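The next block holds one structure in the form of C-alpha cells; read it before the comments.
Letters A, B, C, D and E mark the chains as written, and numbering starts fresh at 1 in each.
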Amino acid sequence: MSGLELKNIVKNFGSVEVIRDVSLAVNDGEFVAFVGPSGCGKSTLLRLIAGLDKPTGGNIVIDGNDVTDITAADRGLAMVFQSYALYPHMSVRENLAFGLENTKVAKAEIEARIADAARMLEIEPFLQRRPGQLSGGQRQRVAIGRAIVRRPDAFLLDEPLSNLDAELRVSMRTELAALHARLKATMIYVTHDQVEAMTLADRIVVLRGGRIEQVGTPLELYNKPANRFVAGFIGAPHMNFLEGAIIGHEGGSTQVETVGGHRLSVVAREACPVGERISIGIRPQHITLADAGATTRLDTRIILVEELGSETVVHAEAAGKKLIAVFAGQQQMKSGDSLPLKLDPEVLHLFGEDGRRLS
Amino acid sequence: MTAKTVSSEPPVKSALRQALNAPVRLLMGIVDIPMRAWQKLTGLNGMAGVFLAPNMLIFTVFVLLPLVINFIYSTTSGSAIFLPNRTYVGADQYRILFDCRSYLDPSTCAADTFWAAVRNTAVFVVFQVSVMLIAALTTALILNRELSNRGFWRAVFFFPVLLSPVVVGLIWKWILQREGLLNYALSPLGLEPFSWLSDRFWSFFFAVFVSVWAHMGFYALILLAGLQAIPKDLYEAAAMDKASPTRIFRRITLPLLMPNLIVVLVLALIRAVQIFDEVFVLTGGGPGTSTMYITQYIYETGFASSLRNPGLASAASILMGIVLVILTLIQLGVSARNEKKGTR
Amino acid sequence: MSAVGAFLLRRRGRGWHWTDIVTWIWLISGVFLMFGPAVWLVFSSFKTPAALAEFPPSFLPYVTEQAVVPGYDKPLPLYNVTMPDGSTRVLAEVRRIGIVGQMVDPKQPGEIVKANIKDRTPVRKVEFASGNYTEPFQRFDFFLFLRNSVFVTVAATAITLLVNSMAAFALSKYQFPGRTAVMLMILATLMVPLSVIVVPLYSVIGTLNLFDSLWGVILPTVATPTGVFLLRQYMLTIPDELIDAARMDKASEWQIYWRIILPLSAPALAVLAIFSVVWRWNDFLWPLIVLSRKELYTLQVGLNVYAGELNVQWHYILAMTVVSMIPVVLIFVFLQRFITTGIAGSGLK
Amino acid sequence: GDVRIMWYSDGGEGDVIKDLLSRFSKANPDVNVILDEVSYNVVKEQLPVQLEAGQGPDIARVTNLKAPAQHWLDLRPYLADAKYWDDNFGAQADWMRPDGSNAITGFMTQLTLTGGFANKTLFDQAGVEIPGPKATWDDWAAAAKKVADSQKVIAMAIDRSGHRVSGPNISYGANYIAADGKPAPIDQGAKDFLSRFVKWNEDGTINKDVWVSAAGSTYRSGAEDFINGGLAYLYSGSWQISGFAQKIGDNFDWVVTGSPCGPVACSGMQGGAGLVAVKYTKNPKDVAKVMDYLAGADVQKEFAERSLFIPAHKGVASGRLDFKTDNPHVKAALKAFVESAGQTAAPAMKLPGWKWSDAYYSAIVARISQVVAGEMKLDDAYARIDEDIKAKVAGN
Amino acid sequence: MSGLELKNIVKNFGSVEVIRDVSLAVNDGEFVAFVGPSGCGKSTLLRLIAGLDKPTGGNIVIDGNDVTDITAADRGLAMVFQSYALYPHMSVRENLAFGLENTKVAKAEIEARIADAARMLEIEPFLQRRPGQLSGGQRQRVAIGRAIVRRPDAFLLDEPLSNLDAELRVSMRTELAALHARLKATMIYVTHDQVEAMTLADRIVVLRGGRIEQVGTPLELYNKPANRFVAGFIGAPHMNFLEGAIIGHEGGSTQVETVGGHRLSVVAREACPVGERISIGIRPQHITLADAGATTRLDTRIILVEELGSETVVHAEAAGKKLIAVFAGQQQMKSGDSLPLKLDPEVLHLFGEDGRRLS
C-alpha cells in the first residue's frame, strides 16, 4: 500500500460536528500518532479511516484509490478498538484465529502466528479462556493480538496500551516498534501517553476539537510547537505560560517583561512590535534554581511538592501566577518555602495573543 | 459503539415524559420501601424469592394445580366431568393406549388412531420445526438489516400472527380447495384443478406451510429482538477481521443469538407438538387421518363428542407432556453446556 | 432495479452482494405470501355471502351490476350476452326459466331477447358490502364487548409483563438453590395445551369463585411460561457488570430490577407485550368457558354468535375479525419501535 | 326474577327470538329475560361442563338433548296446560328427557330433516330427467352421474356426518339398536349402503373431498360445490335452505327431492335443536312462564315462518305456513321437507332419542372416511366401528 | 468509618488462584494505591472489598465490623469500574443521579452535586447524552463522576484515569487529591501510572500474582524496594539489574564486581558473605556519563536512543548486558556510538539471589 490520504474529512453526529475539515497524508510504512484532548475526535477519525463510519463529507484515499464507499472489510486494515470489542463467546485463541480463518490462512500458519503473538503479548496461559475471564489488561492485549496476527497493510490502534502496567507498556512499545520495522506496515496510533507518541511515532498529529493543530516529528512538536495549544499539550508536565509584553529589541535579542516585572532577554523576534502582549512559554524542565545572588531571578513560593522518586515536581506561585518546575532526584523542598527560580532564556517559547508561535 | 445521533428531544416532549413517569416512579418508590426492608432481612437470595413469588403463586394455582388434577383424571373413567363423579380405574387408561399386538404397527393397537396421531405428530414436528427455524431466522436476519420502512416490513411478516387460527385455517382452505385461489392462479399454466387438501402429501405440506405461515412472525420477532441485542461493535470488529457475511453469521450472530434461539427452538417444538386449531380448520385431520395430530385426538376423545372420555384424553395428554419434557430437557441440556462455556 | 434497491436498502458499499438479492427476494415474496392472503382477507370481509361462496374466488369484492329498467319494479341484473351472431350486448335479465334467460335491452325495454345461460356472463363491479360491518354493530353491544376486551387485554398484559419480568430477573441474575428446578418446572408446564387442562382449570376457577368474572379470564393467563422463558433468555445477555454498578450505587434489588433490568429488556418486553396483547385480544376458548353472561363477553366471544351448528356466517366473522384486528395492528406498530438496537453493551468497555 | 337463555344461531333466528322475547318482556315486566347469544361451540363444549358443575343458564338451545337429560328441568308441575305440550310436542319429548320418564323439559325450536337437493338447471342442461319420488339411491347415482359427465361437474355429495348416512342406512334396512337398548353390531343393511357409498366415492360419483377432508367425527358440509353450481345432487338437510336462498340467488334452479329410497324405506333423519329448561334455575316459575310463551302456537308459527324453519309444533306444522321469503325455491323446498317428514322410517324416529346414537354416528364417519381415503379396508372398518362403539359403551 | 481490614483473603475462580492470602489494613481516610503487573489481581481485590464477589477464604472488616457476608449495596462504598459499567439507557445526568436517588438525596442537592462533578470532570456539555454517544475518555469521566457525586465513606477506583489525555489526567489527579483532602474519605486506587501512584498515594501496595510484595510510602518503595520485583516495578524506566558478586568488605564499604569485571565500592553490607552472587540494581536516572579519563567507568555501546524531548532514554549494552540510562534534555547520541557510563555507588541497590534486598 502506498499510504493513506484524508481529504477534507467532515463528520457530524446529528447536529454535533465532531470532525471538521481534516486533511492529512500518511506515507506508506509511516508510524503516525494521533494525540489530542479527550473527545477531540481521534477515535472517530480512526473509525472513518477503517470504514466503520461514513464521513459526512470529504474523501478517503488508500493506495491511490478512493475508498470512501468501500466497506471496512474490503479496506484491508486491522484495528485495535478502544473498547476492545472482543468476541465474548470465543476463547482467546479463537478471537485471534478468527481474522486469519476469514482470510483462509493455512491452519499451521494460524497456529504459528497465534503462538507468536501470544508470546509477544504474554497471554499464553490464557489462550483457552474467554474474554470474560480475563483482567482488563489481558483483554487489551488480546485486542492487540487480534490485530497483529492479521499482518495487515496498515494498523489502526486506538489507545492500545492504556490499561497495561508500566513495565508491560514499555515492552509492548518495543514490540510494536519491532513489528513496525519488520512488517513495514503503516500504523496510525492514538495515544494519551506522551512517551509512546514521542518514542514510537515518525510524525505526531495533534488534534483539537475535530481540527488538526499541527503535524510534525516528535521533536519538531516539542521544540517548535506551532501554537500555544500544542506547546501546552506536548510535554509533561505541561509548559508554563506567563503573560508578558515585548518591551524592546536590542542587538541580537528581544526584551520581554513578564510577571512581577521580571525581565528576560530572548533570541531576537524582530517581527513583533514593541508593546505587543504575548505569552511566554517555558517547560518545567527548563526552570532551574537561581543562584542565591542572581539578579534576574523570579521569586516564587512553593505551593505543592510532588515527589516522583526520580524527579521532583514543584508547583510554585509568583505574583499570583502558577508555575511548575521539575527537578531531578529527590529535593528537600516543602510547600510554603520560598523558591528563587531562573528561566532559561534560550529555550523560551513566545506566542502572540492569537496563540500562534512568534518566531 | 453505536453511531447514533444525539437525541435531543424537544423540551415539551421530555417534560411530558417526565410528567408521565412521575406517578410510576412514585409507585415504584413506594414498593421499594418494603422491598428494601425485606432485602435487609433475607439478603439477595431472599429477594430472588420475592421476585419469583407472584409469578409462582399464580402459576401454581392456575397451571400447576390443574396439571396435577389432569393427572388424576387420567386415572379415572367415565364421561362425568367433575372428579368426584368419576370412578378410579388406576392405570387402565394407559393400558388402553398401550394395548397393541405389535408396537411397530399402529393398526394393531386398540387405540389405533392415537398411535396414528403420534406418528403423524412426530413427522410433522420434525419438518415444521426445522422449516420454522430456518424461515424465522432468515426473516429476522433480513428484517435486522438496514432497511428503509422497517416498521412496514416487520408488520408484513408479523401480520399473520394477528389472525386467529380459525381465520388462518379458513383463508388457506379457500385458497387451497379445488376451486380455490391457488388452482385459479395455476390455471394459466394449464394445470387441472387439483384437490390439494385431499392429497396425502400436499395436505401434509400445507399443514406445515400454513402453520409456519401463521406463526413465523412470532418467532421472527423474538429473534429480531435477540439480534438487536448483539453489540454492534462486534460486527465492526468482525468487519475489521475481514469476515464474510456467512462467517459473521456462523461465528458471531449465531452463537450470540443462542439464548434467543433456544427460546424459539423450545417454543416452536412445543407448539408444533400441540398443533391443532389451524390445521384442524384447514384439513380437519384428513385426508383420512394423515394430518390428524395428537391434540386433535385428545380433543376428539375428550371433548368433541357427547360421549366424551376425559380420562383417556388426559392420559394421552400426560404421555405427550412427558415426551415434551424429555425433548426440552435434551435441548436445554445441550444449551446449558454451551452457556457454561460462554460466561461473559 | 437499482432504484427499487435504493428504496429497499440503505446500503453501505457499492454493487449488489448476494445477501442483498436474497433480502430483496425474501421481502417481495413476503409481501405476496404473508401479506397477500391477509389483504385478501380484508377484501373478502367486504363480500356478500354469495360472493364469499363463489368460486373461483375473486380478489376484490364484486357484485353483479344492476339497472333499473322501465316497466320493471326491481332493478335487474346486467349480463354480457353473446348473441347468436357472435356479437355481445349488455342486457338485463328479467327472469330465468331453466337454461334460458329472458333478457331485455335496458335501452329498449319493450323487446324480450332469449339467451342460453351459457352465453351470458354477469357484468360486475367492485362494491364493498359495508353491511358486513354495520349490521353487527347494530345487532349487539359492540362497545360493551370492546370495553371488556380492552380491560382484559390491558390488565392481563400489564400483569404478565410485571410478573413475568420479575420472575425472569430472578431466574437469570440470581444464583439460588433450586433455580434450575424452578426453571424446568416452568418449562414443563408449557407442554400441556390449554384445551387439555380446561376442565381442571375450570374447577379451580370455580373454587376461587372467579366464574363469570373478568379476573377469571385474566389470572390464569398471566403466569405464562412463555413470557418467563423469553424474558429470562434475553436477560441473560444483559451484562452482569451493570448490576454490579447499580449495587455499588446503593440500589436495592428492586431498584435494580425496575431501573436497570426493565429498561434494558425493553426489546424483549416489547415482544412479549405484543404477544400478550395478541393472545389476550384473540383469546377465545378460555373466556368462553369462564364467561357465560353477555355483559362480560369479550369481543371474540361476542363475535362468535355467528358460528352456528350448521351454518357459519363468515361474512360477519370476517368483517369483525378485521375490525378487531385494527387495535392490535396499531399496538404492534407502536410497540415494534422498542425492538431496536439493544444498547446493553455500550456502557461497557 | 332473571331468566337467562343461552342461544346459538345458525342464521337469522337470533333476531327473531329477540323480537319475540321483547314482546314477552313488555307483557311481563316482572320477568327479566336475558338472551346470551353464543356460538354453537359454547353450547356443545362449555354447557355440559357448566351443567355438571350445577350451573349454567336457565334455558338453553341445544342439539345434544338426550345425554345431559338429567340436567333438564321438568316443567310439568309449572305449566299451565301440560296437555297442550304433550299434544303438540309429544312426538319429540322423548328426545330430551331421561329414559323412562314423562317429564316435559322443553320443545324443539325447529325440526330438521335430511334430504336431497338437485341442481335443476344442470339436470335440464344435461337433458336428464330428475328422478321421481320413489327413485332409489342407485337411480339417483346413475342420473347424477349422467349429468356430471355431460356438464363436467361432480355428480353427488353427502355431508360428512354419521347422521347423514344413517337415513340411507335405514332405508337399506339397518337397525342400530339392539334388543337391550345398547348398540347392535353393524348389520347387513348398513353395510349395503355403506359399501355403495364407498364404491361411489371410489368411482367418482360422489365427491370424495367431502369425506376425506377431515378425520374423526368432524362435520363437513358438501354444500359449497352445490352453491357454485358444480354439483348435481347434494344430500344434506333442511337447514341449508336459507343459506342457499341467499348465496345461490338466481344463479340456477334447485329443488328439494326428499330422501332417495332403499329396499326398505325412503327415510331421512330427523333432528333439530331444542329449547330446554335447566334444573339449576333459581326461578323455575318464571322459566316455565317464558317457555309457555315461546311454545304458544302463534309464537311458534311466527318463529318458523320468519326463520324459515320446519316447525315441530304439531298444530302449526299441520296448519298453513306462510314462510316469509320471496324466493320461490325456498317455499317449495320447505314444503317438500315438511311433506317428506312423513317418510321417516320408524327406526330413524328412534335415533334422536337414543343415548348411543352419537357413538354410532361418529364411529361410522371416522372409519368410513378412512376407507374412502384408502387407509383401511371396508371389512376392517366394520370391525373397527363395532370396536369403537364398544369402547364408548364401556367407557361410560 | 475507621478503616478497612483484609484478613487472609483468598479468591479462586474455579481452579485458578487469583488472590492468595492477602492481608492488609487501610486506615480511615488513607489514600492507598494498588499497583502491580496486569492480571495480578488488583481489580479482583477491589471487587472483593466492594462486596461484588465473595472471597473464597478470609474476612473483610470495615469499620470494625466483619462485612464478608454483607451485600455491596450495604457496604457504603463507591466504585469506578475498570470497564466503566455505565448504564447505557440513561443519560449522563441520569447516570450520575442514580446513586443519589437511591439514597434519597434531595432533588436540589442532587442537582448541585451533579453540576459540581460535571464541572470538575469537564463533562457539562454531554449531560444529556447517553454513554454510547461519548468518547472513551468522556465515558471514563462519567464513571468517575458517578462515584464522586455519592460522597461515600470510601472510594474504590479501578484505573480511573487510564483513558484520559495527559493534561486532563493531571488536572483530574489534582481534583482527586483535593477531593480526598476535602472529604477525608478512604481511597483505594488501582493504577498503572507511576506518577499517579507516587503523587497521590499515602501508601502504595505492590501486588504480584495475587500476593502483596510490599506496602509502603511512595518514597520508601522507590528508595528501599523490599525486593528485586518491587525495585523493577517502581520507577520508569525500570531499574537496571546487573549480575555480580561480593568480593570483599573494606572499611565502611563493600566491594562488588559486576559485568565485564567492573568493580564498585558500595556502602557496607556486612551481612553478606564474600563470594555471594547478587544483583545490583541501578535506576536509569542514576547513571551518568563518565568523565573521559575516569578509571571506574563502564564502557557500553548505544543500541537505541529514545528522545522524549525533556529527556533522552538511551538503551546501551555492556558485555551483552542491556542497560538503560536517562539523560536530561535532548542529547546528540545515536545508536552505535560508544558510551562510557558511571554508576553512582551511593544509590545502588543490592539484591540477594532470592531477590530480597540486602541492606
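One rule holds in what follows: a residue touches a chain if its C-beta (ideal position, glycine included) is under 8 Å from a C-beta of that chain, and two chains touch if they have at least 3 such contacts.
Predicted, not measured: the structure shown is a model, and the values here were computed from it.
Engineer: What is the set of chains touching both subunit B and subunit E?
Structural biologist: In this structure, the chains that contact subunit E and also subunit B are A, C.
Engineer: Could you quickly compare B-C and C-E and let me know which has more C-beta contacts?
Structural biologist: Looking at contacts between chains, B-C has the larger number.
Engineer: If you average the C-alpha positions per chain, which one ends up nearest the average over all of them?
Structural biologist: B
Engineer: If you average the CA atoms of subunit B and of subunit D, how many Å lie between those two points?
Structural biologist: 39
Engineer: Could you tell me the distance, in whole angstrom, between the mean C-alpha positions of subunit D and subunit E?
Structural biologist: Averaging C-alpha atoms per chain gives centres 94 Å apart.
Engineer: Please compute the C-alpha centroid of subunit A, do the same for subunit B, then give the distance between them in whole Å.
Structural biologist: 56
Engineer: Between subunit A and subunit E, what distance separates the C-alpha centroids? Give it in angstrom.
Structural biologist: One centre to the other, that is 22 Å.
Engineer: Would you pick out the residues of subunit E that each touch at least 2 other chains?
Structural biologist: Those would be 71, 82-83, 130, 132-133, 136.
Engineer: So which stretches of subunit B touch two or more other chains?
Structural biologist: 1-2, 4, 6, 8, 39, 44, 81-82, 177, 179, 231, 233, 256, 303, 344
Engineer: If you look at subunit C, which of its residues touch at least two other chains?
Structural biologist: 55, 198-199, 203, 239, 252, 255, 343-346, 348-349
Engineer: So in the complex, which bits of subunit C are touching subunit E?
Structural biologist: That would be residues 239, 241-242, 244-252, 255, 259-260, 263-264, 266, 343-349 of subunit C.
Engineer: Could you please specify the touching residues of subunit B with respect to subunit A in the complex?
Structural biologist: 1, 3-6, 8, 231, 233-234, 236-244, 247, 251-252, 255-256, 341-344
Engineer: Once bound in the complex, which stretches of subunit C touch subunit B?
Structural biologist: Result: residues 7-11, 17, 19, 22-23, 26-27, 30-31, 33-35, 37-38, 40-41, 44, 55-57, 162-164, 166-167, 169-171, 174, 176-177, 179, 182, 184-193, 195-201, 203-204, 208, 219-220, 222-223, 225-226, 228-230, 233-234, 236-237, 239-240, 252-255, 257-258, 267-268, 270-271, 274-275, 278, 282, 284, 300, 314, 317-318, 321, 325, 328-329, 332-333, 336-337, 339-346 of subunit C touch subunit B.
Engineer: If we count contacts the way the header does, which residues on subunit B are in touch with subunit D in the complex?
Structural biologist: Touch list, subunit B to subunit D: 77-82, 85, 96, 110, 112-113, 177-179, 195, 197-198, 280, 283-292, 296-297, 300, 303-307, 309, 311-312.
Engineer: Using the touch definition from the top, list the residues of subunit D that touch subunit C in their complex.
Structural biologist: Subunit D residues touching subunit C: 4, 6, 8-11, 14-15, 34-44, 46, 49-50, 53, 55-57, 63, 112, 120-121, 124-125, 219, 221, 224, 227-228, 230, 237, 239-240, 243, 246-250, 253, 273.
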